[in-house]
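One structure is given here, and the rest of the page talks about it.
Here the chain labels run A, B and C in written order, and each chain numbers its own residues starting at 1.
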Amino acid sequence: MNGRQLDRHPGEFVYKKRNAFLNRDTWGRFYKNKSALLGLCIFSVFIFCLIFADVIVPYGKALEQNLRIRMQPPSAAHWFGTDIYGRDIFARIVHATRYSLFMGIVSVAAGIIIGSAIAALAGYRGGRTDGIIVWLMDTILCIPFMLLALAMVASLGSGLRNLLLALVVASIPIYVRVIRSSILTVVESDFVEAARCCGTPDRFIILKHILPNAIGTIIVQATTSVGTMITWAAALSYIGMGIQPPIPEWGSMLAEGKAYMMKSPHLVIFPGMAIVLCVLSLNLMGDGLRDALDPRLKD
Amino acid sequence: MFRYCFRRVLIMIPTMFFVIFIVLGLMNLTPGSPALMILGQDATPEMVEQLNRELGYDQPFFMRYITYVSSLFSGDMGRSYRTKRPVFTEIESRLPTTVKLSVSVIILVVLIAIPIGTFSAVRQYSTFDTVGTMTALFFACIPAFWLGLMLILVFSLKLGLLPSFGTDTWAHFILPAFTQAIPQSARSMRLTRTTVLETIRQDYIRTARAKGQGEFKVILNHALKNALMPIITILGVDFGFILGGTIVVERVFSINGIGLLILDAIQVKDIPLVTGCAIIFAGLYMLVLLMVDVLYAFIDPRVKARYQRKASMGGML
Amino acid sequence: MTNPLLAINDLKVVYTTAGSVVRAVNGIRLEVMQGETLGIVGETGAGKTTTALAVLQLLPSRTGKVVGGHIIYKGEDLLKKSEQEMRRIRGAKISMIFQDPMTALNPVTTIGDQILESLRIHNGGKQQERRLQERVDELLQLVGIVPSRKRDYPHQFSGGMKQRAVIAIALACDPELVIADEPTTALDVTIQAQVLAMISELKEKLGTSMILITHDLGIVAQTCDKVAIMYAGEIVEQGTVRDIFLSPRHHPYTEGLFGSIPDMDVEVGRLTPIEGLMPDPVNLPRGCKFHPRCRHAMDICRTVIPEARQWGTHSIACHLMREEGV
């Protein structure tokens, strides 16, 4: 055999389970799903705010205090009313979108990348490595998520960077667990065994067989997790351990408004609705993706 | 069976050691020393150093860890930096409240999610199912602490029906419990629905029907009996999130439980108190996980057989 | 002539999923007499299981639907019965043995309890627990399982034993008709022989009528009195076991089935399967459904569905028979 033929390894020609994620059918199903599309529409509003926040309303307005117009209900001048310092709530919510989305997306991205790496190591190597990693992750998981994140933020100090770090570290064990089980299902399947028998090198198998098949689960998990992380970030900010005022954040806005919510419910309704809509849109998209990837589950 | 439980409890011990290690480690990431915090800025360096020595803070981390763990064995959790009272006492008075709250949440979730989820699955695509699924989807997205605020707004402030803070009567637990129960029920209901849907597709359900069994009994004795196990397992895992959520809910409703205790303690870097509370939280969670595992082994004969074999083999060695 | 125990007339069953309609059973006619064993033979997808499920009305409720025909059991049309009435029949008068013993039993209930359940349903009220337990022991012995094992769970039994348990459940209330859907397909050949022998024995002893669904002609020869050959939701040939195995006349499909069986005495280089595949039930061919695969297909086969032609007990639905006028 000449050198050229050896460039493509026989393992590549082993039958590969159809790459469900990049399939045109999948996207077709997704676009037919009305609720998934609704989720996409709502979420794009938030993405719009993320990118064009400064264009919609200047950042200054979110910080500008004016005690004379404090706690005013929604009006033409202030669409969502003003808060306890007279700041425009609409402006604050729009700019808070940046922080929340940033927090959600980055923490999930980082967590999933690191989690996937660890899960792949555990799932593929198996044996002792797997055992140790599983024990480690299970032990960390014994500490309730909130507690872990809280302890980290308490130690390192509040603020965007530390909050992010706390969320990532606390969520890694969860991702490892989910992704590992998905990987194990693939690793134990026949076509991987067949590939191994052909002598396909490990990295080939991981890159070309295992990851594409596990990626469906990962994407669905990621979408829902962004919503979860946004909620936890808001929760931490609510109790004062996250992003501190005067930086706008949905959670801390709720904390500020709590004392006055009887007279001025708008103080707590709008920030809360923002969280709900954001998480809802993400969940709708996540569900849509799941149904699109595996329509059998629907019936 | 008993041997299985015993072995599981034994495994909890090294896990707990590691948990303590993590918690202590995290608390020590803070720059600065506790003495400085306690004495304030005016303290002289000598006073700070002396207090640190008294508190054992001059030792390297690992030594402090060992000291702490060994004092745990004699039931000593240290003293709060702030109040100077034993940590154990502080926790003791507040633990029942948090436990009552968490247990109420779980009971509510089981009572709400499982029947609704099962009914939705059995009547798939009916109006009940569609409405139920949409409602669940919506409520699953609501953050518990915001729901708490809304509930307070409506039921407490506007309608004056229920109290919004404190824990004097059992009525005080209603709003806090529902605050967490509603979103969790929504999530569990969706899971129940999916699990039951899968279960009723199994062949043995058809066998049961072929015997002429009535639909209600088929669902109860055949479908639910098999479906409940994964549902309860995940509910056990979710208990961790409920415990974590309790911290925030206790703040929202000013409930004097361990959640509030740990929040206040964290803010003043009261390390012994934080560590003590963290251990209790982790311990509670591990206990629930253990109970779920045991329950699983109890009900699913395949799992029971596996663990009985393991236990008996262990006995022989 | 005595009336048949079960008579299926012009039964049509469809499955509707996400827009497409699967025509699983397309007008079949079958009869089972008291004490008789009718074998239904066909490949996977021919509609055999669907027919069985239709009799007991156990079709998946949302997707499966009987759209025509009658199923007359002892003079009454089962398709007109309410769910309540059907439940009294299921397990007690007509019972079913399913194909895969591995999944047909509830994994978290003991074998004894699963048999007991059938007894309790149809012997309602405060029947003496002891009598029912005795009956469970009796049944277990009948199928060759030691009664002390009734407190064991399905996972503790081998495949063959599981199937015996399934048979015990089916026979628990002494039904008049048992529908056995490929009862031995999931088992090893040696176990197959044992289970079949047991089924035959029980049939003799209890005088039960049976519909035996299978794709194995060997089993048919051993255990059946009458045979119906099913293809793409239709019965293409029917008759007594002698008719099917010894008659010179056959539907081309039947010929193909026999032809594809390896002969023990003759050494052949290659086996002769029937060419092509069973048609997609969503898109069935017009006319005779077998014509795309039939060596003798004529023009009329492509457009007109052949009617069954009768020679005594033997009937064949094929235009060839008509042509030859034999």
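Heads up, the rule we're going with is that contacts are C-beta pairs under 8 Å (C-beta built on N, C-alpha and C of every residue); 3 or more make two chains touch, one makes a residue touch a chain.
The structure displayed is predicted, hence computed values, not measured ones.
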Farthest chain (mean CA position) relative to chain A: C
Chain-chain pair with the highest tally of contacting C-beta pairs: A-B
Between chain C and chain B, distance of the C-alpha-averaged centres to the nearest whole Å: 53
Intercentroid distance (Cα basis), chain B paired with chain A, Å: 23
In the complex, chain A residues that touch chain B: 138-148, 150-152, 154-156, 227, 231, 234-235, 238-241, 251, 254, 258, 261-262, 265, 268-269, 272, 275-276, 279-280, 283-284, 287, 297
Partner chain A, residues of chain B touching it in the complex: 15, 18-19, 22-23, 26-30, 137-138, 140-146, 149-150, 152-153, 157-158, 194, 240-241, 243-245, 247-248, 251-252, 262-263, 266-267, 269, 274, 278, 281-282, 285-286, 289
Chain B-facing residues of chain C, complex: 56, 58, 62, 86-92, 95-96, 98, 100, 103-109, 117-118, 121-122, 153, 155-156, 166, 169
Residues of chain B defined as touching chain C within the complex: 124-125, 202-204, 206-214, 221-222, 225-226, 299-302, 305
